[in-house]
Amino acid sequence: MKRIGIMTSGGDAPGMNAAVRAVTRKAEHEGLEAYGINYGFAGLLAGDIFRIDSRTADDIINRGGTILYSARFPEFAEEPVQLKGVEQLKKFGIDAIVVIGGDGSYHGALRLNEHGFNAMGLPGTIDNDIPYTDFTIGFDSALNTAVHAMDNLRDTAASHERTFVVEVMGRNAGDIAMWAAVASAAEDVIIPEKDFDVAEVAAKLKSSRARGQKHAIIVLAEGVMTAAEFADKLKPFGDFQLRATTIGHVQRGGVPTAFDRVLASRMGSYAVELLMEGKGGLAIGIQNNKLVTHNMLDLFDSKHEPEMDVYKVAKELAF
Amino acid sequence: MKRIGIMTSGGDAPGMNAAVRAVTRKAEHEGLEAYGINYGFAGLLAGDIFRIDSRTADDIINRGGTILYSARFPEFAEEPVQLKGVEQLKKFGIDAIVVIGGDGSYHGALRLNEHGFNAMGLPGTIDNDIPYTDFTIGFDSALNTAVHAMDNLRDTAASHERTFVVEVMGRNAGDIAMWAAVASAAEDVIIPEKDFDVAEVAAKLKSSRARGQKHAIIVLAEGVMTAAEFADKLKPFGDFQLRATTIGHVQRGGVPTAFDRVLASRMGSYAVELLMEGKGGLAIGIQNNKLVTHNMLDLFDSKHEPEMDVYKVAKELAF
Amino acid sequence: MKRIGIMTSGGDAPGMNAAVRAVTRKAEHEGLEAYGINYGFAGLLAGDIFRIDSRTADDIINRGGTILYSARFPEFAEEPVQLKGVEQLKKFGIDAIVVIGGDGSYHGALRLNEHGFNAMGLPGTIDNDIPYTDFTIGFDSALNTAVHAMDNLRDTAASHERTFVVEVMGRNAGDIAMWAAVASAAEDVIIPEKDFDVAEVAAKLKSSRARGQKHAIIVLAEGVMTAAEFADKLKPFGDFQLRATTIGHVQRGGVPTAFDRVLASRMGSYAVELLMEGKGGLAIGIQNNKLVTHNMLDLFDSKHEPEMDVYKVAKELAF
Amino acid sequence: MKRIGIMTSGGDAPGMNAAVRAVTRKAEHEGLEAYGINYGFAGLLAGDIFRIDSRTADDIINRGGTILYSARFPEFAEEPVQLKGVEQLKKFGIDAIVVIGGDGSYHGALRLNEHGFNAMGLPGTIDNDIPYTDFTIGFDSALNTAVHAMDNLRDTAASHERTFVVEVMGRNAGDIAMWAAVASAAEDVIIPEKDFDVAEVAAKLKSSRARGQKHAIIVLAEGVMTAAEFADKLKPFGDFQLRATTIGHVQRGGVPTAFDRVLASRMGSYAVELLMEGKGGLAIGIQNNKLVTHNMLDLFDSKHEPEMDVYKVAKELAF
């Protein structure tokens, strides 16, 4: 093996660039060459591929987004399209590939693997919704962005004695919501993994008001419904001075946290090691603080399990 | 004069607490006593008033929101209500008052002044929309929050080659929008003070794309329309990969910037000095870098003028 | 059990307040009462103890330092002193105690345990140097502060093509240094757990310069030597435009990260659960992402093991 | 005029890149070309000059340091050296030049002006020590970095009841120190522009302790002495639990604030306008909120005057 291709695919996440840097520098450290593939599988097809070296990758560890761009490309599900991608890899002399992205990106990676190019998947998404890894690259950064926003909202909520319904990202996963709820001392949290009862939420708010605290923050995972919808459901139950707010796309960008930079660096480095051992078709994860691998195929039948102890703490401390 | 009352009124803004601290400590420095009035004019009426000293005010300079709470209280426009407020001031032995808030709060302050209590107004609002002051307390903080959010959005916009329409606060003023546009290198900015033409915005985006930059940020002042509405208007003109986002209430809270803390401290300190000279009915501002005063009455006939040189720079550098 | 005492002891760390809040609220959730003990064991002796309830603990989750203060009190090693502490606990009707602090604080906690008061220890220190826990409360916050500082230094280093020797905290542990080195893409890292050779460091810098990168950051754990001392050792080996800088006490304070807030909340909550089960003399940790307990006695014979995979990544990616 | 050269010279400051971007984009907006000159006057001599266009300058507004690098080059005081610089300008067809830097950099700019190349100076330094401008590019960012550090230190100071002597930058100017002192609610501030008496500082600390506040922050401008030296002077006067700390080089780097980005953008834009009018030999400043120009020669005889009202507020509110 001489040349490793790297791409980012799916939604961008802080730390993706740190992973790109890690793959690049680790490759060089091992006497290999790294090639950046722009725009994910779309760019692979288009041959939008370039030699990426230490210097290119040097200044990017603390930058959000992805310097390799990202794009959706559902066409890659078709075999003729895959074969054209394979041709491009051959043309550039690329022997193996690292794909950084979400669950979906792994399907593309697995196709390349089946066509004889060892492919490794790194979990890059803010949603933390990938099976077989406790944390994804980008989750910690998005979480801190959400929590920082809630610190700001708390100032206003307290000053005006309002109740903010705050919608955070996470697609179908409640991870950002429940971690952010604990970290922002939220008065309640609603996630897709757990049923909820609006009447109970209202009762909690009333009891909190009765005890003297007249403002509140309710964290809502986007996978449940929108903040506005939730506020509408809550309104009939009392005068809570409701405000619905959506933290939105700012969660996807920004300077990555130290945790995400280190996680991405370790995973990127490990991916190169595994490729050098001739392995492929593996998804890298971190479980119980150890870097682990699972067969990509296994991920497709699995479901990410959020750490429900965090949910329990969120609920109990917010009683 | 022995006792000075302080209240915050209208929307909260970062730096209000720094002003509260400044009034409190300056009062003590001059041998006076400070009294905090909770919930603005509503709290005045209710007698929600307490002795505030250096220690209470000590830890608050870097905290957003207002420890004195804020509330709307349109009833204060009626004279019988005002007279009840006056009674409360007398009951607590308060001789003079400092009101930190927006334009509207000055009306209440002026009523107290007419009833014989010297009242000073400090411009506390993130919107920067108060006449006779170049900057209001809270503007710089909200601006930096907005710009920080746009830095994050830029990461995602660039990674996915999208166009973000970003709605910022400012009520009817375009100040946050145009300063944020310059500071975030936005591709365009729309403010209420200036007409705009959606076709021109679209043409600009197309020319920028033609030159090779495929993402963009358009800053939109909330006084014009919502981000979603603007995106809808823009959509027919081309495929810009539009995303509408609203930075929202986070702009109102958060740790105040150094600029806001210093501005609030100077203004609060100056208010006490002026009250000691027996003055009242004045709005404090900063113009051309000097603390100034204007008769509150004059403000009601005036309109805040944004610094249009900033707008010009925003437009020219974003061509 | 009806009343739980809480204290912070040893050096302050971001997240301590989140732990105090968690113990307080979890206690209330379980129908118990929480008592804050100021100034650690010194305050225990002095009876500087107060009822702490949800409202007191409400606003503190995002504040650095400790609202319970901290103080050194080596006198607590003597039994007569301990017995006076025990008297105070009895006087306030406190049945059990949670001590948040470093290794040293656990000795005091164990003494109380021996005197019949169930005591739980939470690892609160930025240094990450406590055995049987992968992470301590405060480490992630200090790490991010250090990394943020290095991002700033990188700007200046690059602009002027300088080499910064940056000293970070950690007492005898290299954790902050090696994590920060990975996260800041440092060109080298020196920790107490590993020998180093100044000539090799110099050779690395020269080879990096030869490849075209003329600036560098070397992260140095304070447990090795001071930045100035290291720069002196490096100076004879070449003209590296050396600057020595110490990040210093800022690492101890500041708004805690989401990770630290969640970790502290979980640990604080767990401590109360364990006390309710009648347990004592245990140190709580997080290992392999699970909350764990170990007998405090075991900690005293053990040594914290840093995650050397992080060190390896730091070295390899910085080659 | 067709081509404008841009360089940064002297110590780097956040916002320099925003100025480089502004000159570049404004030049393009006016149909001109911009050329970046690396390493200040040293790079000019070496012909380290390149065409800088909108795309190069696009991503830099929020990055600290200077992408044009900076270097000291005292040799430029000699005429033969200047003439070689002139040759390079001619070789690249550069007609006029913008120099972003400190006081010293203006001497070089003026020499070029005398040799027939219109030169404009922009005040780029964190120290705020340039005459005829109220603010320099970088001051607001450095100030906020210093204040943020002090917020962190306050947490630790309060938790352990210590007195921190905090040394901030500013060379011979006290601006950062006195603004930071107000913004961080420091208990005292020492600047080069004002005499001080250690006994008085000690008396203040004692009286503050007597009133119940047992921690303190004393802000010290580096132009007075080092933090360690000041702590040594203070030590004999009492047991203040002194810690000396130096914020250091982190103040020079980091993401520029909105204020600095806007200031730099306006100044850079204005510089191009003035060059187009055929002007040269001018230093741009902002005074009383208006962009102004002064003859560079006048600056050399002048001294920057700090806003002493800020000092007064610092002292009075910290009594």
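A, B, C and D label the chains in the order they appear, each numbered from 1.
By definition in this document, contacts are C-beta pairs under 8 Å (C-beta built on N, C-alpha and C of every residue); 3 or more make two chains touch, one makes a residue touch a chain.
Being a predicted model, the structure only gives us computed values, none of them experimental.
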item: Partner chains that chain A and chain B have in common; value: none
item: Cα-superposition angle relating the copies chain D and chain A, to nearest 5°; value: 180
item: Farthest-lying chain, centroid of Cα atoms versus that of chain B; value: C
item: Inter-centroid spacing, chain C versus chain B (mean Cα positions, whole Å); value: 39
item: Separation of chain B from chain D, taking each centre as the mean of its C-alpha atoms, in whole Å; value: 27
item: Averaged-CA centre spacing for the pair chain D and chain C, given as whole angstrom; value: 35
item: Set of chain D residues in contact with two or more other chains; value: 151, 154, 158
item: Pairs of chains in contact (touch as defined earlier), listed by label; value: A-B, A-C, B-D, C-D
item: Chain B contact footprint on chain A (complex, rising order); value: 8, 11-12, 14, 63-66, 69-71, 145, 149, 151-156, 158-161, 164, 243, 245-254
item: Interface residues, chain A side, partner chain C - complex; value: 21-22, 25-26, 28-29, 54-55, 58-59, 61-62, 134, 140, 143-144, 146-147, 151, 154, 158, 179-180, 182-185, 211-213, 255, 257-259, 261-262, 265-266, 269, 287-291, 307, 309-310, 313, 316-319
